[in-house]
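Multiple structures follow.
You will see chain A twice below: alongside chain B first, and alongside chain C after that.
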Partner chain A sequence: MKLILKIALGIIAAVGGFLDIGDLVFNTQAGALYRYDLLWAVLLGTIGIAVYAEMSGRVAAVNQRPVFDVIRMRLGFGPGLIALIASSLVNVLTVAAELGGLAIVLQLLFDAPFSLFVVLAVIGLVIAVALLPFGGIERLFGYGGLLMLVFVVTAIHQQPDWGAVAHGFVPSLSDSKLYLYFVVGVFAAALMPYEVHFYSSGAVEEGWTKDNLKENRLNAIIGYALGGTLACALVIVSGYLFHPLGVEPNDLGTVALPAQGAFGETGLLLALGGMMFCVGGAAIDASFAAAYNLAQFLGWEWGRYRGPKKAPRFTLSWLVFLFLAMLIVLSGINPVEITEYSVVFAVVALPMTYLPILLIAGDRSFMGEHVNGWFSRLLGWAYFAVIVVLAVAAIPLLLMTNGGGG
Partner chain B sequence: MSGGDEIFLAHRLLDEQILDSEGRRCGRVDDIELKGTPPRVTALLVGEGLYPRRLPRRLARLARRLTGPERWGANTLRIPWQEVDRIEAAVHLRGKAEELGLGEGDDPGRWMVRRLPWN
Partner chain C sequence: MRRGSTWQRAGAVAAAVALLLLAGGCGDLSRDELSRGVESLSALAAQGELVANGVARDATRSTYARVMSQTLGGEAEHEAEKLADAEPEAAVAPQRHAAVQLAGELSQLFSELQTFPGDEQHGALVERHMEEVKEQADAVVARLTGESP
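And then the complex of A and B:
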């Protein structure tokens, strides 16, 4: 019974840590532009994050080594430093995007200026982190994020052409650069590296050992399956409602409209509430990820479980990253644009943090009997190939399509 | 060090996390001191003063501006091999970090740390 409860909590945390502003923006736009055609890219990205998270969770449980511990060990100081700088930039940009998203959602609920909500969002997150223990933070945003299930209910309620939906899961490429840009975007939004930095460090925060390997596997499979279902629902509801109308959703408010169309004001409030918890949780995850990475790379004391007194440099760097992100949003750049950049740059930086995990998870001298089996190895390397191709293609596509502007 | 199994220095010792006797994280193995013939590990070297050594020459110059030159006992510490208790998923030391001068950046007595609002 206790195990079931623990697994349920872990899964909720996985769901909460999966959907974020990147999925909201890219999946809704993908649905509006290409109806159900990009569902396969959502599925591909979701399996990717499950593979990556399972490996890094396993490494953390067996070795107590989170991602940037592994990177320092496997890449050494110089190349590891490049991975650290790239990841920090991407993570701060991601936090900025999430904060912007949080402020926009708040602005839809209450009437006040954008910049005020950005500052309030930061203060709210700092208070939540100061008051709650690590597990409490995960649970608050995980449970809240489950409000996003309203999008799954909306998708079913809309009664779309399920044959066409199923057909969307068959991979298809086209020579349209915009389509390819969205393939990269939807895939990358599902596979944001901060999720894995946070997940593996969280495993250490919660004192995982080899006894937690089953939990780790179930989190990766069931948690990300649920997260992927929510991500697919975003594409489906948008494809059903916006594609025939030719609407191109350029702001976050549009994301919630399908739920309002199906269930009126209740639907709208549930959707906005779910978005708020998802984006808020992601802001915490991504800012923690930035601080975890720095502290792990340099060998500092780190972790929410140590508390600010025992890990002052870690806590201070978390606040600094959050503050920098706040400055980026307050500079007036459109949060949707920040989101697109954060997602595209994330996939460019991804191979540097993915490869060391793949190498250590396959290294018997580190992992003993829990080393990658043939299936994990095959899947791991196949995804590495996919990630490298997308990382190379991402920036040219971003420039050629003018950031998805066509 | 107990255990006695062979390890590859660059693979398993260099860059490894260091924990003190109370499990406090207090730095990483930034370099290794070897002496004698055949060479033996005589000490672990720890501290930000060593970062420039680990970078290509041009970047090293830039890094040295940030870290300052290597000052032994300050930003560059020598941990004699006798202080190493065992090597598992991290390097475990026999003594406490503060006795060896490690992890000072997280030390509540330091002025910068003392001024943080939660201390």
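And then the complex of A and C:
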């Protein structure tokens, strides 16, 4: 029973962190454009985040050192600073995208001006963080995010051609630049750097030790498997409903249409509720990740568990990141566009995030008997090779496809 | 005086060229671009059909239908403006005209849905019209690409 409760961290990280506005946008668009053909990229991304989250959680549990601490230690000050600047920019863009997404969902539910909901969303998130303990925040947004299961039920209800769905898990490449752009987008949306920053810092916040290693592994496997299932469901329902009609889901509200089609108003409300908790949770995760990175790099006291009095600079930087993100959204840029840019720019920052984790987790002098085994090492390096290729291809593909516009 | 008249003549020629370009069309909207624009209209009509279907079946929330109609209607209007402002190649001028009209109709339908997001009869009517607009848009794309819709 205790173990089941502990696994909640992984489930929450998967739903509240793994499934964010990037997944909602890219997976739905991928389904609409290519039906089930990009399911393999979702699966690839899901396994990748599980592999690296497990490593980052293991490093944190064994050494009580979260990812950015490791980055600075392994890369040194100069390259570490570049990694900090890159990840902070991506994190602020990500928080802006999530805040914008949260405001859109609230607008769809209550129909008032968008900018009002942006401000209310920020106030709501600040109150949630101020009032709830770390575990409470995770539970609120994580369990709320489970409403997204309505997309799994919708996929089953639609009775798609399961043979075609299964075929979608077989990797295939095309010379279409747009297809390749979506391969990058779907893969990167699953591997956003803030997810491992938050996961490993959360492990330190929760006081993980070597005793939690089994829990860490189960969290990474079960939690991200659930997140991946939800992400696949988004592709399937979109491929089933939108692809034959030629719908181009460029608005966040369109994501909820398949659930409405299957279960009417109840389906719609469950979908919008799930989206609200997912993007709200991700806004907190990404803004925390930005503050964690800065504090860990500069050696400040950090952690939600310490509270504002014991970690004032960490708390202030979190508020500043949230405020900056709010300004970006209020500037009038479409949140879906911000999402696309944040995901694609994140790809460029991925190698700087994942290489230090891979090096530290494979360093016996640092990890002792908990060093990467041959399987983790093989998977880790294979994924790192993929990440490097995608990092090189991401920006040219963004430009050549006019940001996925074709 | 001579100098003045030379400048005046040059100015007149420039103005005439500009007028000719405006009147004759410099053809900055290619067949492919127009085709993509009309495909976007078809996609918007398909989304509109789904939103209207929810209204017609009383299977949606009026706030959702209203906000979605407003957003999609804005996109249709934007597409209409883009198409109306662009100068088409002479060969695709009739299709451009049809596309502008379709975009206008689409915008009107979204506006209607936005005004009556809880009216099932209106929803059913708009759904049917959206379907027609989509079919017409697909037919325009087919004419442009030479493929059957």
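Definition applied: the second predicted complex is superposed on the first by the 401 of 406 C-alpha atoms of A that agree within 3 Å, B and C clash if a C-alpha of one lies under 4 Å from a C-alpha of the other, contacts with A are read in each partner's own complex, and residues count from 1 in each chain.
In the analysis below, contacts are C-beta pairs under 8 Å (C-beta built on N, C-alpha and C of every residue); 3 or more make two chains touch, one makes a residue touch a chain.
Worth saying up front: this structure is predicted, and the values here are computed from it rather than measured.
Peer 1: Quick check on the superposition: with chain A as the shared anchor, is it clash or fit for chain B versus chain C?
Peer 2: Here chain B and chain C can both sit on chain A without a clash.
Peer 1: Where does A:Phe77 make contact in the superposed view: on chain B (first), on chain C (second), on both, or on neither?
Peer 2: First partner only, chain B.
Peer 1: Kindly classify A:Ser365 by the partners it touches after superposition: chain B alone (first), chain C alone (second), both, or neither?
Peer 2: first
Peer 1: Should A:Trp300 be classified as contacting the first partner (chain B), the second (chain C), both, or neither?
Peer 2: first
Peer 1: Check the residue A:Glu337 against both partner chains and state whether it touches chain B (first), chain C (second), both, or neither.
Peer 2: So A:Glu337 meets neither chain B nor chain C here.
Peer 1: Given the overlay on chain A, how many degrees, to the nearest 10, lie between chain B and chain C at the CA centre of chain A?
Peer 2: So the angle at the centre of chain A is 130 degrees.
Peer 1: Does chain B (first) or chain C (second) touch A:Asp69, or do both, or does neither?
Peer 2: It touches chain B, and chain C stays clear.
Peer 1: What is the minimum C-alpha distance, in Å, between chain B and chain C after the two complexes are superposed on chain A?
Peer 2: 37
Peer 1: Would you tell me which residues of chain A are touching chain C in their complex?
Peer 2: Spelled out, the residues of chain A in touch with chain C are 107-111, 241-242, 245-251, 253-254, 256-257, 260-261, 264-265, 268-269, 272, 406.
Peer 1: Using the touch definition from the top, list the residues of chain C that touch chain A in their complex.
Peer 2: So the residues of chain C touching chain A come out as 36, 39-40, 42-43, 46-47, 49-51, 53-54, 57-61, 63-64, 66-68, 71-72, 75.
Peer 1: Residues of chain A touching chain B in their complex?
Peer 2: Within the complex, chain A contacts chain B at residues 63-65, 69, 72-73, 76-78, 80-81, 296, 298-302, 308-313, 315-316, 365.
Peer 1: Quick check on the complex: what are the chain B residues that touch chain A?
Peer 2: Touching chain A: residues 11-12, 14-18, 24-28, 30, 46, 48, 51, 54-56, 59, 89-90, 103, 105-106, 108, 113, 116, 118-119 of chain B.
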